[in-house]
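Listed after this line are the structures, all set down as structure tokens.
Below are two complexes that have chain A in common, paired first with chain B and then with chain C.
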Partner chain A sequence: MDPSEVEFLAEKEMVTIVPNFSLDKIYLIGGDLGPFNPGLPVAVPVWLAINLKQRQKCRIIPPEWMDVEKLEEIREQERKEETFTPIPNPYYMELTKLLLNHASDNIPKADEIRTLVKDTWDTRIAKLRLSADSFVSQQEAHARLDNLTLMEINTIGTFLTDSLNHMYKLRTNLQPGKEAGKSQDF
Partner chain B sequence: MFVSDIRKEFYDVIVNQRVALLVSADVDALCACKILQALFHCDHVQYTLVPVTGWQVLETAFLEHKEQFRYFVLINCGANIDLLETLQPDEDSVFFICDTHRPIDVVNVYNDTQIKLLIKQDDDLGIPSYDDIFRDDEEEGEDGDDSGNESEGGSEPSGKRRRFDEGAVERRIERRREKRDWEARRREILFDYEQYEYHGTSSALVMFELAWVMSKDSKDMLWWSIVGLTDQWVQDKITHMKYVTDVGTLQRHVSRHNHRNEDEENSLSIDCMRISFEYDLHLALYQHWSLYESICNSCYTSSHFKLWSIHGQKKLQEFLADMGLPLKQVRQKFNSMDLSIKDNLREVIEESSNKYGMKDIRIQTFSVHFGFKNKFLASDVVHAAAALLENIEKDESGTDNFIKALDSLSRSNLEKLHHGIKLAKKKLISVQQTIASCICTNQILSQGPFLYCYLMEGTPDVKLFSKPMSLSILSKYLLKAFVRSTKNKRCRLLPLIMAAPMDVEKGTVIVLGIPPEAESSDKKNFFGRAFEKAAESTSSRTLHDHFDTSIIELKTEDRSKFLDALITLLS
Partner chain C sequence: MTTQSYLPVPPGVGMEENFLCLDDILLSQEKLPTRTECVFPRLGFVEKTSDTRDIPEGTKMEMPLWLAKGLYDNKRRLVSVEQPKIYRQGWRTVFSADPNVVDLHKMGPYYYGLGSQLLHFDSPENPEIAQTVLQTYIGRFRRIMDSSQNAYNEDTSALVERLDVLERSLFRTGQAGLNDFQRWEKGQASQITASNLVQNYRKRKFPDLEA
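And then the complex of A and B:
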């Protein structure tokens, strides 16, 4: 899966906006949205929020978890634990990127939030690498990881499966005896 | 017709239509175009952008698009010529003109249906009143009455008819005399009105006010309107008073935006755009260059120090020593200068320049700041965009340069802006070198009523000066330098005509005229009409294609007779 596809899926999450126009309820295939009244907050999917923000038709309210103290707590917890801690939103990385790129003027202390989320991400990816490394070196048959997000899985997924494939082929090639003399095609 | 409520009569009309945007090739028009494009994106208005460089391109563009579009928006073109006669549009085409060229053609002012002028009427326009110029209805009515009287008189008995006839003849003679007087007055009024060409409020400022009225103004749009206004000032198109007034208006907007965002305790992300009002140095591109290079290549300082002479160079060294700036520091890139020197650089320079007679070394301007590395003054962006617009490097078509220059104004295209700054540096250096050579070899000759200078074909960088904006910057700087270098008091008050080879294959030169250099100049240029008359009287082969009527293209062979005609005309 492409990271942009993961971002596309992340855009379905709901976020609160304050529009400056009025519109009746709209009926879309994915669900109903609205009605929109100027000055009254309404929950919309992120793709619509970003589009309206770019057209200067709304103000985006940051989600609850996008707050400096909460993110600091999460980061500290992540650093203490050896396994993955549960995080507030399964698409935290994509939402941070989207909201901070398009609506950083509506989010207080945007730079610190960006740093904190990046720190959390780095810690989790480091744990993933360690666990993949131990998986391979101890030649385990299966592993279980809780609380991973789709983006993290996607980052390491292709690489892990491809490299395990190669290692399997290399291992089967090392078998002496009946395979000797024949060449193998990869 | 002037548009009184720009939102209702312009924007609400085109918001649901497809629009053709015809934009002239100067930085102010680019900025106005950017603001309008941003508004169109917000409201999903379909538009077609056509860059136009002259009247011929405008006409071809109009012919291509007239079937598909009803609404045309012209930016910085079209106000100073009778548009309906030139383009011959259909009855239902409507033109919205946002132009800084003055005087506005009277037909454009008084046409109620097809031409809408997006121009503020409180500019000192001096438009003659309707009755002074148009009188067609009354004429026909009177003739009709007259013949009516005669026919009525005819049905009467013969005695009365003779008396009516005499009265009618007298009245007709009287009316013809009145008509002749009225026509003479009309010609005089129109001549006075159209004699001088000048520029009005920046189009980018008009577009920004439209956005503000609709509450859709953003910091990007504010920055573009600042760049548009600064372009008018850099190109010397508006008076100092007008510039200061408009800067005041923009400063109010800037403080409104800053106040809105810094309100909360939490400060804004570093990536957000911050615009601030600065009382900064009048040195071109000094923050992207070394201080020494910038002083050598800015018009203000180089003409005051007379840097084309050895005496001037010595004076510059004295000036730097007076400020206590070591040469090594001053010659390296500005960003790498010692922090202690950079801190109160402006005050130190101001103090020293007062001693050397440069009272206006500091000017009111704005700067923008986003990200950790990017700080630009408005004049930096103007120089970069102008250099990109007239880039001769790759021989690309005019539209490619236009699009590149347009892109460089967006925040996300910083490499283009930096490329533009590099080109602008080259341009400024070649301008200074050309000025130095012209003054040292006395190429500026006084022809009586004006000064004249011709750039020979072998001059280095002469290709750069075949473009109107670069040539006009060269001529303005040259005139300033000449005024300070000449001992002849009379020559200081003369206007300048500059000629440079434009197209070697076709054998044409580009000729432009600029008004005389004065402290309180009102920047009014009479060369447009003078060129037209001179061309007519000598039947020289000229092309008055540029939107500024003071810039024309002329066949090289006709140059001497054209000049002679001008001399006779203006003396």
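And then the complex of A and C:
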């Protein structure tokens, strides 16, 4: 998967905005989006929020987890635990990037938030690598990792599956009794 | 997007080679020390060192893997294959002590491939060879993962120097994952860029036009 594809999936998440225009309820295939009245908050998917913001038709309200103290708490907890801690949103990385790029004026302390999210990301990726390494070195058959997000899985995914494939093939060398046929089936 | 211009056939890492894989074709060119078990009449010209008309029994020659595999028979009438140095006891102890130290590129760039192919030639040491190859792979995995996932926008030739061909392809995959993510984070993922093929094609076309 591409990171862009993961970002596309992330854009389905809902976020609150305050529009400055009015519009009746719209009926989309994915669901209804409530009537828009200027000054009243309404929940919309991120793709619509970004689009409206770019046309300067709304103000985005940051999600409640996008707050300096909350993120600091999450970061500290991530550093203490050895396994992955549950994070407030399965698409935190993508949402941070999207919202901070397009709506940084609506989000207080945007730079600090960016740093904190990056720190949490780095810690989680380091844990992921440690776990992958112990997976390979102990030749386990399967591993279980809770609370991983799609973006993290995606970054390391191809590498890990390729190396595990190689390891599997080298392991089948150990089985005595080679196959009798040397032909290829293509 | 991470679409390649063609999808190469991956190497068969185990005992079977993939016929269409370029890496496996190059692997089959590796030389093995062999010993003939019977006379090869009128083939003396192949063996440059001796001037005899036939290759007598018991000559030690170096044969490429494809030839050795073809001539080898379970009843061992034609050739017998000795293991190259790095698969023998001495080097096996080195590998089990610390796999990260060895320069696998110098030791024959196809360590894993050749090791797996050697298992075709029956020898009592086969299980140990297979085990050493596997343990070397596992031992070096950590370093490959760390170096490929952390070297962004740097010259990686020093890191890749001591890796064998299989490890290099793994390194490239890791780098691709890292580069994709960094590109996305910088926002370049949604920019449309000309494909590599088109750029190269244009470079070659201009002189033709002007000529």
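Definition applied: the second predicted complex is superposed on the first by the 169 of 186 C-alpha atoms of A that agree within 3 Å, B and C clash if a C-alpha of one lies under 4 Å from a C-alpha of the other, contacts with A are read in each partner's own complex, and residues count from 1 in each chain.
Please note the rule applied: a contact is a pair of C-beta atoms (placed from the backbone, for glycine too) under 8 Å apart; a residue touches a chain by one contact, two chains touch by 3 or more.
Remember, predicted model here, so these are calculated numbers, not experimental data.
Contacts of A:I156 after superposition: chain C is touched, whereas chain B is not reached. In the superposition on chain A, A:D2 makes contact with chain C only, not with chain B.
Of the two partner chains placed by the overlay, only chain B lies in contact with A:Q56; chain C stays clear of it.
In the superposition on chain A, no contact is made by A:D122 with either chain B or chain C. Of the two partner chains placed around the shared chain by superposition, chain C is the only one that A:A132 touches, whereas chain B remains out of contact. By the touch criterion defined above, A:L174 lies against chain C but remains apart from chain B after alignment on the C-alpha atoms of chain A. Once chain A of one complex is fitted onto chain A of the other, the partner contacts of A:K109 are limited to chain B, with no touch recorded for chain C.
With both complexes placed on chain A, chain A has more residues touched by C than by the other of chain B and chain C. With both structures placed on the common chain, the touch criterion links A:E64 to neither chain B nor chain C. Per the touch definition, chain B reaches chain A in the complex via residues 41-43, 215-216, 218, 261, 264, 266-272. Listing the residues of chain A that touch chain B in their complex gives 20, 54-57, 100, 104-105, 107-111. Chain A makes touch with chain C in their complex at residues 2-4, 7, 97, 101, 129, 132-133, 136-137, 139, 151, 154-159, 162-163, 165-167, 169-174, 176, 178-179, 182, 184, 186. Here chain C touches chain A in the complex through residues 1-2, 12-16, 18-20, 112, 116, 119-120, 127, 130-131, 133-134, 137-139, 141-142, 144-146, 148-149, 166, 169-170, 173-174, 176-178, 180-181, 183-185, 187, 189-190, going by the rule given at the top.
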